[in-house]
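Got some structures for you, see below.
Both of the next two complexes hold chain A, though its partner changes from chain B to chain C.
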Partner chain A sequence: MSAAKNIPSRRAEWLLTLPSLGWLAVFFVAPALIVFLLAFKTADATGGVSAGWTLDNLRALADPQYRPILWRTFWISGTTTLICLVIALPVSFAMARAAPRWRNFLLLLIIIPFWTNFLIRVFAWKTLLQSDGLVSQLLDATRLFDESPTLLYNSGAVLLIMVYTQLPFAILPLYAAAERFDFTLMDAARDLGASGFRAFRSVFIPGISRGLGAAALIVFVATIGMYVVPDIVGGTDSEMIGNKIAQRAQGDRNLPLASALAAALLFCVLLLLILCSSAFRRSEKLDNALKGELQA
Partner chain B sequence: MKRSRFPVLVTAAVLLFFYAPIVVLVINSFNASRFGGSWEGFTLKWYEKLWNNDDIWSALWTSLGLATLASLTAMVLGTLAAFALHRFQSRLQKIHLGTLTVPLVMPDILMGISLLLFFVALGVPTGFTTIWIAHVTFCLSYVTMVVLGRLQDFDFTLVDAARDLGAGRWQTLRRVVLPLLAPGIIAGGLLAFTLSIDDFVITFFVQGPGTTTLTLRVYSMMKVSQNMPVINALATILLALTFAVVTLSFKLTRKQTAP
Partner chain C sequence: MKQLLVLLTLFTTGAFAADTLHVFTWADYINPDLVKQFEKKHQCKVAIDTFDSNEAMYARLKAGASGYDLIFPSSYIITLMVQQDMLQPLDHAQLSNLKNVEFEVLGKLADSAMKHSVPYTFGYAVIAYRKDKVKDIEPSWKTFARTDLKKRVTLLNDMRETIGAALKSLGYSLNTRDDKQLAAARDVLIAWKKNIAKFDNEGYKAGVDSGEFNLVHGYSGDLWQVMQTNKKVGVIIPNEGVSASCDEMVIPKGAPNPALAHQLINFLLDGKASAENMQNIGYLCPNSAGLKLVEKEFLNNPAVTIPADVKAKSEVIQDLGDDLKKYTKVWDEVKAG
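Take a look at the complex of A and B:
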């Protein structure tokens, strides 16, 4: 391309890029930076932010009020991620091995329930789990418990409904990886005497490791920022960092403290994203190097 | 060699797990029982109550207006962004793509609180405008990715053909490029529309007095009035509507893939 044509093309690029990049710079990047900045401010009486600087909000994160909540956020998210992966693995395996016309149908079946509003899905569970709800009645009918257990407002309920809301986000990336997996490798392992489970564990799971990584990242990041689920079906002993952010921001309006909590969460999320993207890049490089080796 | 039935059984159990709560909810919307524990006969009275609930109607109109504005804005910005990403390969576009990708994985609560802090720091009062800005911000990336996907199948020789036949830049854009890309842009817009209608967390943070969206109304009904059967009825209608919108957008995107 000639130089004369290059100049308007450079201008065209900026004209096309600026609206979206500018919008995100102002309304996404700048607000994220402000979260880190306001964490060092103090609240004023009217619910705004006063002029001075302080480290009190960061110290408050180590406070007995917040430390257990940070810890709980991590274990609930970690457990949710683990359960989702364990369930999604056989599901993605079954889907990828199904006949092609079944695959898209199954995929659709997995997605359809999630067209319902998130709040309403959580609410539907609340109706099921309440003291005279359907699940309680079913449990009573089994006569396993002398007294029907409380199913709502505890960490168990939070975990169950977290898994319910996040499971498709584990199934979809795993299915995408499983669909590209070469299943003749598993048949080879079985021919060589491996049991079905052994072949699944030693051939299938390593074969879709990148999908596994993506699924874990998506579910974990979504759950550490969760607010609605613990708010609706959790109790005071199952609150997560998201609840605290919302309480400080919309409840008693201590914005700098909300900001410090959000900064801690944002820091974790960004760290995870950076670690994962570099891990992905390394595994891709390794793949390409191996391919090069094989061709040579 | 015998194949294990285990994965298939897990899949069936997962589907049951996914559908059971929603099926129960839809059934309960026709249940005369107030708390939905047992079946006490068929009724439409919850739908009638919903119909007569003025708060829900006004919240619905707010949500529809907001979703229309937000998705139109996101359609324009997202289409431009997709063109830029598709046509140019430069450092700028790498940054552009990165900035568009991060919002896709950012937890809602972080986007909500950061926008609230941003508006407070600038002294902007929260309300309809701030919700609109927030919705465009989280819809933009989705629209861009959908349109970018369509652009990758787009045959750019058609542009050259139009130019060779004497069409001007603007004429080519309006007569050739946009009509061919329209299904993709509309599909992106519909996605943005449903995301906007569906959002609760981000809206919760940047809401202001006087602007109540449908999800904010539903949340306060769930928390305060415990008016469960009416929410069941509303959920059933929303489910049917979402079904219609998604089917439409499926049809629009599929039309061009089939030769």
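Take a look at the complex of A and C:
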């Protein structure tokens, strides 16, 4: 490709991305900057923000009271991500291998829950799991327990409903990657003597690694800041960092401290994104190098 | 493009053409029949938006939420809102029914001249329980220390109310600024926390009704509403004293429709409307004309009129200014504990 031809296409590329960049700047970068700035302000007792600047809010983050909440937040989001991937992998594999007619139908089934409001779906789970709900009645019928166990208001319930709400976000990018995957590679592996599971593990999974990375990232980032699910189905031991931020902003009237917590969360997510994108780039380089070697 | 603009202006002006009164209040806090009557009488629409704690309402306004015409906060936060210059002074010339407001209640409030706020209801934070599941209940906050209720218990997710209940159980004031008393309340709450399912402000009503919860900490009128349809639910008034609160009607600065807001205040202060309202929402309206019209049975309900000796030990939650931090610290320790 000649250099002269490259320049106008570059300009066109910029012009095309400008609307989305503008969108990002107004609705993401600007609010994030406001949050960062507020984190360095002092709060007054009336819920306002005073004029001075301070580092106290950042220092307050080191307070040991946040440690169990942070630990729980990472534990719940990490486990949710892992479970979602473990379920989504075989699902996306099966979907990509299904006949085209079935494929669209299955895709529709994954997407249909989005037609209902997120909150309503969470409340529906609450109805299912509550003490006189369907699941409890079924458990009672098995007579395994003297008295049906409390299913709601604990971290297990939070985890279950997080997995439920995030699963489509894991399946969709994995399916997109699996659809582009060249399944003849798996046949080749089988021909060379690999078992079905071995071919899945050593050929399919590395083949869709980027989809896997994207799915993990989307689910983790969406769950780490979750507020609604622990608020509705969580109990006294399932508070996550999102709930703490809400408490700081509302009950405590301390917007700067809420901002410091939110900024710390944002910082963690950004760090994760940078690490992932550099890992992607490294694998891309490796791919190109390999291709070059093969061609030579 | 021009046609599109014309179309857009038509739509937007259309939406604002009919008078809409934007009310910001607690859930189930106004008789829907009265709202319909008012809409018909004044040819307007009443849009109701709800909040579940004074703090949430305050934070929302402080963050710049506007467009509300009439808000129903509790008196302690009104003190703060007046300090912050968030409220309009009321025009008494438009409020002919102000004479109905009970004199006795006004004496206990910061704004006794009703410069910015008019008392709407008087209620308490009390306990409700399932008569079919909880036996030998004592009228005491210490009920939350009972370990035999299988965690089917809730406490309010409200820092001041819940720490207040623990302070009361120890015989202290719920507006205390004493660190030792607050530390003792914290320990009580950490012990209670082991027996509860969650801290909750809204789900307890349906929960005690369906039998999901056996014992709940909640607001008297809300629990009265549940008792009307469910005979298995009873109310106890802790004899250590309870938190009493007066919710009042205020008009925020910048309200789009202050004239109509005054009309609604006046409408709700009417004796007949007030009586109808009380018997629908379950909160006592401090309205002398309304109290004359209301049924005796309503006034005898334990969730409406509490015993005189408990009333004497009850307190109204006050704004503590900078010392609110002490409560925040206790609340953090309870949640983490």
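Methods note: the second predicted complex is superposed on the first by the 267 of 296 C-alpha atoms of A that agree within 3 Å, B and C clash if a C-alpha of one lies under 4 Å from a C-alpha of the other, contacts with A are read in each partner's own complex, and residues count from 1 in each chain.
Here is the rule we use: contacts are C-beta pairs under 8 Å (C-beta built on N, C-alpha and C of every residue); 3 or more make two chains touch, one makes a residue touch a chain.
None of the values given here were measured: they were computed from a predicted structure.
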item: First, second, both or neither for A:153, with chain B first and chain C second; value: second
item: Which superposed partner A:236 touches (first chain B, second chain C, both, neither); value: second
item: Touched partner set for A:46, first chain B, second chain C, both or neither; value: second
item: First, second, both or neither for A:212, with chain B first and chain C second; value: neither
item: Chain A residues touched by each partner, larger count belonging to chain B or chain C; value: B
item: First, second, both or neither for A:130, with chain B first and chain C second; value: both
item: First, second, both or neither for A:118, with chain B first and chain C second; value: first
item: Partner chain in contact with A:107 - chain B first, chain C second, else both or neither; value: neither
item: Partner chain in contact with A:265 - chain B first, chain C second, else both or neither; value: first
item: Contacts of A:31 with chain B and chain C, given as first, second, both or neither; value: first
item: Common ground on chain A, meaning residues reached by chain C in one complex and by chain B in the other; value: 48, 130, 132, 249-250, 255
item: In the complex with chain A, residue positions of chain C that touch it; value: 53, 55-56, 58-59, 62-63, 80, 83-84, 150-152, 158-159, 193, 196-199, 210-212, 321-322, 324-325, 328, 331-333, 335-336
item: Chain B residues touching chain A - in the complex, by the definition given at the top; value: 1-4, 6-8, 10-11, 14-15, 17-22, 24-25, 28, 35-38, 76-78, 80-81, 83-84, 87-88, 90, 92-93, 95-96, 99-100, 102-103, 105-111, 113-118, 120-121, 133-134, 136-137, 140, 144, 194, 198, 200-201, 204-205, 215, 218-219, 222, 228, 231-232, 234-235, 238-239, 242-243, 246
item: Of chain A, residues touching chain B in the complex; value: 12-14, 16-17, 19-21, 23-25, 27-32, 34-35, 38, 48-49, 87, 90-91, 93-95, 97, 106, 109-110, 112-113, 115-121, 123-128, 130, 132-134, 137, 164, 167-168, 171, 187, 190, 196-197, 217-218, 221-222, 224-228, 232, 242, 245-246, 249-250, 255, 258-259, 262, 265-266, 269, 273
item: In the complex, chain A residues that touch chain C; value: 45-48, 65, 68-69, 130-132, 147, 150, 152-153, 234-236, 239, 247, 249-255
